Each structure stands twice: as structure tokens, then as C-alpha cells.
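So, here's a batch of structures to check.
You will see two complexes here that share chain A, one where it goes with chain B and one where it goes with chain C.
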Partner chain A sequence: MISFLLIIVASLFFTGVIIRTKSFTSGRKGPGIFQPMKDVIRLFKKGAVYSKTTSFIFQIAPSIYFASIIMAILVIPFGQYKGIISFEGDFVFFAYILGTGKFFSIISALDTGSSFEGMGASREALFSMFAEPAFFILMGSFALLTGHTSFQEIFASLHFGSSISYVLGVLATTVLVMITLIENSRMPFDDPNTHLELTMVHEVMILDNSGFDLGMILYATNLKFAMYGALIANLFMGSAPLYFTIPIFLALQFIFAITIGFLESFTARFRMNHNAQYILALSSVSLLIFLGVLLVLGQFN
Partner chain B sequence: MTNVLLIIFTISLLYLGIAHRLLTYIKILVFQGLLLFGIAFIELIKIDALNLAFVLLETIVFKAFFIPLFLNYVMKKNRITRDAEPFLPNFVSLILITIIIIATFILSNAIADSRISKIYFVVAISTLFTGLYIIVTRHKIITHVMGYLVIENGVFILSIAVGNEMPMLVNLGILLDIFASVFLLGIFVNKIGDVLKDVDVEQLKNLKD
Partner chain C sequence: MTMITAFILIILSAIVLIPFVSVLWKGMITMAAVTSIAILSSITSLQTLAGENFEYLFQGSLITGPIPVRIDALSGWFILIINFTFITGALYGLQYMKPYKSQKDNLSLHCISYFVLHASLIAICSLQNTLAFLIAWEMMAISSFMLVIFEHYKGETLNAGINYLVQSHICIMFLTLGFIWVALTKNSYDFRAITQFSTSNSLLTGVALFLCFFLGFAIKAGFVPFHTWLPYAHPAAPSHVSGVMSGVIIKIGIYGILRMLLLIKSDYLVIGYIILSVSTVSGIYGVMLAILQHNLKRLLAYHSIENIGIIGIGIGVGCIGIGKGNHLLAVLGFAGALLHTLNHSLFKSLLFYAAGNIYQSIHTLDIEKTGGLGKRMPHTSILFLIAALAICGLPPFNGFVSEFLIYNGLFKGLQGGDKTLLSSIIGGVFGLSLIGGLALLCFTKAFGAIFLGTPRHHFEHPPREAGFWKLLPMYAVVILLMAIGLFPKVFIGALSKPLGLFMQDMPDTIQSTLVPVSASLSMIGIYSMAFILLTGLILLLRKKIIGARINTRNVTWGCGYIAPTAKMQYTASSFVRAYRKLAEPLFSIHKNKKEITKVFPTGGGQETHPYDKAEEWFIDYPLHLIKAFLNRFIFLQNGNLQFYILYGIVFITLVLAIPFVFEYLKSLINFLNKL
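Showing the complex of A and B:
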């Protein structure tokens, strides 16, 4: 329960902090950190316009996408406190419920019949496909390391002892940050501010959505950021008491948002045809984490 | 601590697989030199001072400074184009290097000899094969030399693993460095650009009986 509330709180300011950081680094003052939320609220007050070529899929897809993310958030634990749903192997559920949401957003993009949206959908599907093994190998190695298979048990019994496990922690954080950037279509992989449909990935998929639907999709992005931020924060919280972990959680979300802001300000976007190999490199790094876990466990000495 | 450095070293191999520019290759070689300095310093601290100083000096001065600088100089002097120009796409390289790492891991598990230090063995052998792979799949002579330098880093890691018992082996590994420098000097002196000059290859094609 507590993780759900905190993720909602973090989602309110997350993209705002990113935008503010980007403004600061480019020498502008920038909008307030709640501006993205105000935009979302403005969109929530509007009705939606649907194209005549679209079917019911286009109308239900944003709701399903939003619901899938809410459901994924439900399984995220908070230190030793369970998420609202928690069972053995819930990280598989987590990945596939996000996959379901993504599937619906992809078919709704195809449903509009626009060639640009089809292209964006194909790219998004490809990138998510390459990011998935990285996530599974990472969570699988943690499951092997701790001997548990649910998020809460994994994070509660994850403790860093030897120097090698610190490296694993740092590598895991890096992989998770990169997965976040891929899943949210952010800077090194996709530019959210681009104006050319040919080079868009995620933005082109939502070109036809308007009003309430668009508001839901935009807010889902904020939630997704906060959700992955919570996953990363869980790596560092362990079983400390609440008055200690809540500030850590919020601070980590802030640091995460600022890091993404800096990344977006100072890195150039990868070339589209090179994206696949950079994303696959994450899987290779996760494999190294897996080998490292074998090393820690003494399966391999 | 050495395990940490060795894991980072392995990640640098993956990066080598997806690097596009020759300058990136040189930067990775510098980074590997620094990592080897760290590994050698931690691992060989027990051998006698003179030998240790020699090994450390060699890693930091030759591997991390002199050879990369000279590579850069040769690249500029011979006007070598900045792209690595692999035969295979980098995507395939990445997969193959990952397979190399996993295969060496499985191989070392299969050997199951308690006398070899396994993490050193895995990193060294996978570095060796990655170097070979880079030599095989890149066009230019200068990338061949870089692949050779990577191989030689692998040999160095393998020799460090037994360095405490046999410091002689480390020195032998260092001799390879000098060998690589001779290669480089050859490229420099003969002014070999991107590949052996087109003219030469064409002349070979005309050979008939």
C-alpha cells in the first residue's frame, strides 16, 4: 500500500523535475515542476475526438494501457513491505502486464491506419523486445542470489556483502535506468521533443489520441517513470525502518529524475539503426551480472 | 577487488564490439591499460619491488599512454579514415562476443581444475578470443594491430594469475607489447593507410601462369 501511494506522489513531480533540469542546463528558468500535471489535468477535462477510420480498439487502448501500468505498480514492494499484490514469481507478472499494455498501445497505433504510426509501433515493439531479456536475466540473477521469486522477498533479503556484490548493485542500477529510458522512449533511444514523424518512436504512436485519452497516456508515462524509480530505490532500501526509507525513496526519485534530465541535456540521440545493438548490450551486461551472481554463490570458484 | 576490475574489463570487451570509431577503440585500449594497472598492482604487490615497478610502469606508460598516443599519431599521419569498417554488423559482433564469454565460462567450469583461478581464466580467454575476432572481422591493418593489443591484454591477465609464483611469465607477456610496438612501427614506417595500397592488391590479381 505504502509503495503505491509513494509512487503516485513521485509521479506528480517526476517529469516536472526532468523538464526543470533540462531548462536549467540550457540556461532557462523553465516551468514549475507541477506543470506537466497541470497539462494532464487540463486534458482530463476535455472530451476525445475519434477518427472515423478507427475501431473500438483505438478507444479502449489508452484505458487498458493506463490500467496495465497501475496493475504493474501494485506489485512493486517498499523495502520489506509488500505491494498490494504479492506472490511467487510476480516479476514475471510485472513484465507481462506491462507487455499487455504495450501490445494494446501498439495495435491502437496500427488501428489508425497511418503509415507513420505503424512505423513508430514497429520500432517500439522492437526496442521493448530487446529490452525484455535484460530485465528477465537481471531479475533471474537476483532470484538466484536471494533464493526467492517475488519482488518483496528478493528486495528484502538482498544485502550487499562483498565488494563484488556492490559491482552487481551498480550494474543492476545502470541496466534498470537504461531499461527505464527505453520503456519510456527517452533521450538516447528516442527524442520526446522531436518534430519529425519519421524519427519519432513513442510520440508518433499517440498522434491521433486526444483529450482524455491523451491525458491518460501522458500521465501513464509519469507513472512508469516513478515505477521504475521505485524499483531502483528498492535495491538500496533493504529492511530499514519507514522513517528512514521514505526520505531515501523520495530522494532517489529526485536524483533519478535529475539524472535523466542531465542525460537528456548532454547526450545526443543514438542513430535509429544502431539502437538495437545498444539495447542488446544491456542483455549482455545482465548476463555478466548473472555470471557474477554465480561467482558470489560459489557455483563457480 | 580484482574481481570487480575484471568484470569491468569484460564489459569493456562488449563495448569494443559495438564501437564505431577508431578513436573509441583507442579510448577502450587506454581504459583497459588502466584496469590492468589496477589488477597488476593489487595482485602482484608481493613480488620484489624492482619487478613490480617494471610491471606497473609498463602497464601505465606503455599500455595506457605510449601505445594509444602512437596509434593516434599513426592514424593522423597516414590519414586513416575514422570508421572501423567491420565486415559484420556490430549487432552480430555483440552477440558473438557475448557467446564467446559464455562459452569460455562453460569451458572453465568443465575443466574444473582447482589449480587455475577461474575468473582470471575466463576473462583472459574471452579477451584472447575477442581480440582474434576483432582481427578477423575488421578491414584495416590498424584495427588488426588493435585486435592484437587486445589479445596481448588477455595474455597479460593470464600471466598475472600466476604472477606471484612465476614473475617471469609476466615479463614474457610484456615482451609481447614490444612486439606489438614493432608492428605499429612497421605500419608507421611503411605508411600503410586504410588497407595495403589498392595498387599492390591489384598487382597480385594479375598474377597468372
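Showing the complex of A and C:
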């Protein structure tokens, strides 16, 4: 429950902080950190234009996408406190329920029969498909390290003892940050601010969405950011008491948002056709974590 | 006994009746025969799932020895799956075959083959005498061949059928080889002799015997690299037959593997590693090829290979569990495999029936020519969507439940163990997650290209939705499919007896290991339901909020371009282009490209024909070599009748002379020894 509330809180300012950081580094004043939320609320109040080509899929897909992200957030624990949904193997449910949402967002893009939106849909499907093994191998390594198979148990019993485990922590954070950037279609995989449809990934998929649906999709992006931020924060919270972990959580979300802001300010987008290879290479970082865990467990002695 | 007599009588009377009645009654009799066989066998099977095994011993003949009919929980589970798919297949087939009404004799043969196939599959699951088993297997091979070549006047169909027939018989050859090996040493045709054989011989012999059977059954099941018949046979067959083939016939290979695992007591760990690695490769390879296909049924056929891979990963995990003495691992692996067998038979038959609807409405299965069918065929599109979500293993549908079991098994396997075990399991995790992602890419492509957007091709007859009777069996499948997704606990409960067979050494542990498993599963059911409710709630809220607003409809945004045509849509090929570029080195993709030149281009285009590299290496190349070798003897086939008679005489003389020569040589050697 507590994680759910905190993720909602973090989602309110997350994108705002990113935008603020980016404007800061480029020497502008920039909008307030709640501006993205204000935009969402404005969209919620608007009417919509639907394409004549679309069918019922286009109407229901944004809602299903939003629901899938809410369900996924419910799985996230808060240190030693369970998420609302918690059972053995809940991270499989987490990944697959997000998959359901993705399926619908992809087919809703195809529903418009556009010459651009299929392009984004194709890229989104390809990139997230390659990111999947990295996530599962990472969770598998943690399951091996801790002997547990649910988010809460894994994070509660994750201790950083030896020097190797610090390396593991760094690598795991890297993998999770990269997965976040892929799943949210941010730099260096995708540039949300690009003005050319040919180079967009996520933005081009939602070209035809408007009004309430667009608002939901945009807010879902904020939620997704905060959700992955929470996942990363969980790596470091362990079983410390609440008055300690809540500030840590919020601070980490802030740092995470600022990091993404800096990353987007100072890196260029990858070449689109090299993205897939790069993402698949993430699996090898995950494999490195797996080998590290084997090392910690003394399998090589 | 009365049960078996009734079973045989029904089949015989139906065979006699069908050729003499009108077309309508042919269908009705087939339906009646299939239903009554299904009811008879289901009663026994349900009893076995409750723990009451069925056994009857036929006297048999001098050659066969006694023929035992044993139906245990494993057979029961498979018989139930077979029955359900055959009933929905028959219902769907009744409507699907209507356009072929004029081909009376052809239909008689088709109907007879259909229920003979059904009966022979049940026989395979229950007969436990080697010879009887092989006869039933042969009946299955031939009757399914007959079903595949229904449209035999098309050259392509006949080729596919013959390819299937040949490969079925290679499969029978391996099985016969294995059975002969056992029968030679044990002098008994009873399946129990296999157990005796494996316990009295070394572990390695047991593994070798298992591999011999595995090769045979793997051809039937479609493991890579024995899968090459599938992508030809499935598209060639009528849709209800493809549904049944993909749904249950290839599963009989899985049944065979599981039965042999029960019979052969051997080194389960080695067997587990072998099955796990073969299955991971099959799964990834199958779906990687599926993405590239343009023909819908071919695409689905490659997906069958992928799903067989997933089932195999489950079996592999289960075997490793038995080998390691880890009960939880064994239960999770086998439960996942058995449940996925059921699940795949549901969503795959549904997908094939949907493909049948599409084919009969637009007379093509080329997904580059489809598009926008969702508005014309709303029922088919929803059914296809549900099946597509289920096959991708996404919640809240049934595919997720079985994949979750296998995932859970893999992650449990990570707790403790040695390097080899851990690495192979992480390989399985990698495979399964990659398969999931690739399946998503494939089915978004298929669904998007067929049902969404605007039509890419002009059809003389506008596409029409299938009739009520065609949709009825499909909705029946959906109900069961949803039930498994939302109430998985019930089905895992039904699996306790079949699972118990694999854990015979410790019968009391099965219930205690199932408890935590079914606890997680009931959670999945609850949260899947919660997901549906949440979605419904958001949709309701959305409707409440935007209902009163002014919503307009306009053309799709085209960057300001105002005259878009259907050809400007993203096509299926372009949707997977980025993937194709990546996967190109692994497959042989033949490209035909016509570049656009000059100021006023006359015509450009590009064609891609994906071809299977495994087929190139394992089928085409050896065939080429064999042909080259046999061509050296072509002088024998000179067309002279006199020569052919001479060959006959030479052959008969040789056959008669060889024993004499043998005897003579023997006495000669004896004589020499005496010296």
C-alpha cells in the first residue's frame, strides 16, 4: 500500500523534474515541475478526435494500457513491506501484465492504418522484446542469490556484504536504469522531443490519440517512470525502518529524474538500427550479474 | 469390456453407413460418432483423474501376445484434451466443409478418416502392447494423411501430404527400432517389458533407448530439427483439420515422450538436460521463423513448434527435478508442461478456426493482402485477439498460467544446485522470456495486418462474418480458455493424479508440494480478475467523463498529407523489417528486388521468401546427396520389360539361395574349425 501511494506521489513530479533539469542545463528557466501534470489534467477535460479508420480497439486500448500499469505498480514492494499484490513469482506477473498493456498499445497504433504509427509500433515491439530477457535474467540472479522468488522477499533479504556484491549492485542498477529508459522510450534509445515522425518511437504511436485517452497515456508514462524508480530504490532500502526509507525513496526518485535529465541533455540518440543490438547486449550485462552471483555463492571454488 | 465393444461397434457401423448416405447425413453421422466415442472415453478418463485406473487384458493372438488396455491418469488427461478438440473440430468442420458439398466420395473418405483418427488417438493413449500400439500409430498416420490431402487436386497439397506421410513413417521407424530392441532382450510386447529392460540394464543403455524413442516422438511433436513437415502440412489441410493437427496430433508426440519417461527408469538428469536444450532451441527457432511468414496458417504452424518448445522446457525442468530429487521442481515442470498441452490445444485450434473463417471469407491467407477485416468480421477478430493474447502468454488468459508454472519451476530450480544446473536453467529462463517477447512481436503483426487499418486489396465479394454455427465451437473454446485463466486452481487440482505418476517414489509428497503451487495460482486467478475489473472500471469512468463531450471523427494524421491511400499503410513485412535485418544471418531469406530507376519509374517492388536453414541442412542437402548417389543406378530403370522380369528372377533366386549359402558357409567354417 505504502509503495503504491509513494509511487503516485513520485509520478506527480517525476517528468517535471526531468524537464526542469533539461532546461537548466540548456540555460533556460523552464516550466514548473508540476507542468506535465497540469497538461494531463487539461487533456482530461478536452474532447477528442478519432480517426475514421479506427475500430473499437483504438477506444479500449488506452484504458487497458493504463490498467496494466496500475496492476504492475501494485506488485512493487516497499523495502520489507509487501506490495498489495505479492506471491511467489510475482515478478513474472509484473513483466507479463506490462506485456498485455504493450500488446494493446501496439495494436492501437496499427489500428489507425497510418504510415508512421506502424513504424513506432514495430520499434516498440522489437525493443521491449529484447529488453525482456535482461530483466528475467536479472531477477533470476537475485532469486539465486537470496533464495526467494517474490519481489518483497528478494528485496528484503538483499544484503550488500562483500566487494563483489557492490559491483553487482552497480550492475543491477545500470540494467534497471537502461530498462527504464527503453520502456519509457527516452534518450539514448528514443528522443521524445524530436519533431520528425520517422525518428520517433513512442511518440509516433500515439499521434492519433487525443483528449482523455492521450491524458491517460501521458500520465501512464509518468507512473511507469516512478514505478521503475521505485524498483531501483528498493535495491537500496533493505529492511530499514520507515522514517528512514521514505526520505531515501523520494530522494532516489529525485536523483533518478535528475540523472535522466542530465543524460538527455548530454547524450545523442543512438542510431535507430543499432538500438536492437545494444538492447540485446543488456542481457549480457545481466549474465555478468549472474556470473557474479555464482562467484559470491562460491560455485567456482 | 462392454465399453470397448461399444467403442469398436460405433466406429465400424459408422464406417459402413457413411458411404451410402447423403452429404448432410455424412456430417451428422461423423458428428455423432465423434461425440459418442468422446463420451465413452471421457467417462473412463474422468475416473482415472479421480484415481481409478482402467485395465483390461485382451487375449490377443500368438503373434501379439496379450494386449493390455491400460488407461491411467496420464492417458486420461490426454484423452480428455483430444476429445474436446475433436468435438469442436467436428462442429466447425461441419460448416467449413459446406462449400465442398459436391465432392461426395471425397467427403465420405474425409469423414471416415476424421473419426478413425479420433479413435486411433484414443487407442494410442490406452494400448500398452507394442504391436497394437504401432498399428494404432500407423492408423493415425494414414488417416491424418487422408485428412491433409482433402484438396488433393492441388499439387501443393499433395506434395505437403506426401512429405508428411514420409516423415510420419520415419517416426514409426525409430519407434519400431526401439520396440524391437526391447522385445529382443525381454521377449515380451507388453510396455512393462520396457521398464524391466531399463532397470536390468545400465543407465547409459536406458538413456540410449529413451533417445531412440525421443527421436521418433520428436518428429511427431515437431521439435527442431525434426519440424520440417509441420509448416507444409498445416496450411495444406482444411482449417478444422489443421486445428486438430496442431491441437492434438502433435501432442501425441508429447504423450509418447511422457509415457516413455514413466516407463524407462534411467538417468533423468541427463535426459532432462537433453530435453531442456532441444526445447529451448525449438522454442526460439520456431517463433523466430514464424515472425517472417506471410501465410497465416504457416505462421501458426511455426508457432506450434514454439509451443512444443515451451512444453518441452517444462518436461525438461520436471526431469531435472526428478533427477535431483527436488519434488517442487518436478511438480512445477510437469504441471506446466501438461497444462500448456491443454492450453495450446485450445488457443491454437481457435486460431486455426479463425484462419479458416478468414480463408472462406476472402479466399487468401496472404497477410499482405488483408487488412481492415476487424470491421467486417467483428466476432472473428475478437476471437483471434483473445487467442493471440493467450498464445503470447499474457494475463488474464490461460497461456500465462502454464508459462507461469514453468517460470516458477525454473526460478525454484535456481535455489541450490551446481554450475551446470544453474547455467542450463538460466538458459531456459533466457529462452522462455525471449520466446514471450518474440511471440508478442509476431501476433501484433498478424492481428494488426489482418484485422486493423484499411483493406489493402480489393476483393470482388466483400468479406462476410462467419455464421453462428461456425462461431459456436469457437466461443466454446474461449469459455474453457478463460476458465483456465481465471480459475487455474481447479485445473491444477485435476492434474494431481497425472503428476502423481511422475512422483511414484514418494506418493504422499504430491499433495503437500501442490499446496504452495496452487496458492500462487489462485492469486494469479484473483489478480487476473482484478485486472479485468479495473479495466472495466476505467472504461466505465472514461465513458462517463467523455460521453457528453463533442468527439469528432476525421482522417488519420498523415503529417499534413491529405490524400493517403491504403497502400501507404505500414505492412506486415515492414512491421518486422528491423527484426528481419537482425535475424537475416540465421535464416536463408530469398529476396527479389526491382529497384526504381530513371525519372519516371515504371515499376519497382521487393519480395522476400523466408526459407528454413535447418530444412536446407537436414532435409534438402541429404536428399540431394541421396539423389546424386541413386542417379548412378538409373541405368537399371531402362524401360525394358524383359529386364524387369530378370530383376524379379534374380531377386527371388537370391532370397531362396541366401539361406542355403549361409548354411553351406556355416558347415564349411565348422569343418575348417575341426581341422
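We adopt the following convention: the second predicted complex is superposed on the first by the 301 of 301 C-alpha atoms of A that agree within 3 Å, B and C clash if a C-alpha of one lies under 4 Å from a C-alpha of the other, contacts with A are read in each partner's own complex, and residues count from 1 in each chain.
In the analysis below, contacts are C-beta pairs under 8 Å (C-beta built on N, C-alpha and C of every residue); 3 or more make two chains touch, one makes a residue touch a chain.
For clarity, every value in this text was computed on a predicted model and none was experimentally measured.
Superposition model on chain A: chain B and chain C are shown accommodated side by side without a clash.
By the touch criterion defined above, A:288 reaches chain B but does not reach chain C.
When the two complexes are overlaid on their common chain A, residue A:167 makes contact with chain B while staying clear of chain C. In the superposed pair of complexes, A:184 makes contact with neither chain B nor chain C. Applying the stated contact rule after C-alpha superposition, one finds that A:277 touches each of chain B and chain C. With chain A used as the common frame, chain B approaches chain C to a shortest CA-CA distance of 7 Å. In the superposition on chain A, chain A positions 276-277, 283, 287, 300 are in contact with chain B in one complex as well as with chain C in the other.
Here chain B touches chain A in the complex through residues 1, 3-4, 7-8, 10-11, 14-15, 18, 20, 89-91, 94-95, 97-98, 101-102, 105, 108-109, 118-119, 122, going by the rule given at the top. Considering their complex, residues 44, 46-55, 57, 60, 63-64, 66-68, 70-71, 85, 87-89, 92-93, 95-97, 99-100, 102-103, 106-107, 110-119, 121-123, 125-126, 128-133, 135-137, 139-141, 143-144, 147, 149, 197, 207-208, 211-213, 216, 273, 276-277, 283, 287, 290, 294, 299-300 of chain A touch chain C. Contacts from chain A toward chain B in the complex involve residues 163-164, 166-167, 171, 274, 276-278, 280-281, 283-285, 287-288, 291-292, 295, 300-301. Remark: chain C residues 371-372, 374-375, 381, 385, 389, 392-396, 400, 403-404, 407-408, 410-412, 414-416, 418-419, 422, 425-426, 429-430, 432-434, 436-438, 440-441, 443-445, 447-449, 451-454, 516, 519-520, 523-524, 527, 530-531, 534-535, 538-539, 542, 545-546, 549-559, 564, 566, 568-571, 574-579, 581-582 touch chain A in the complex.
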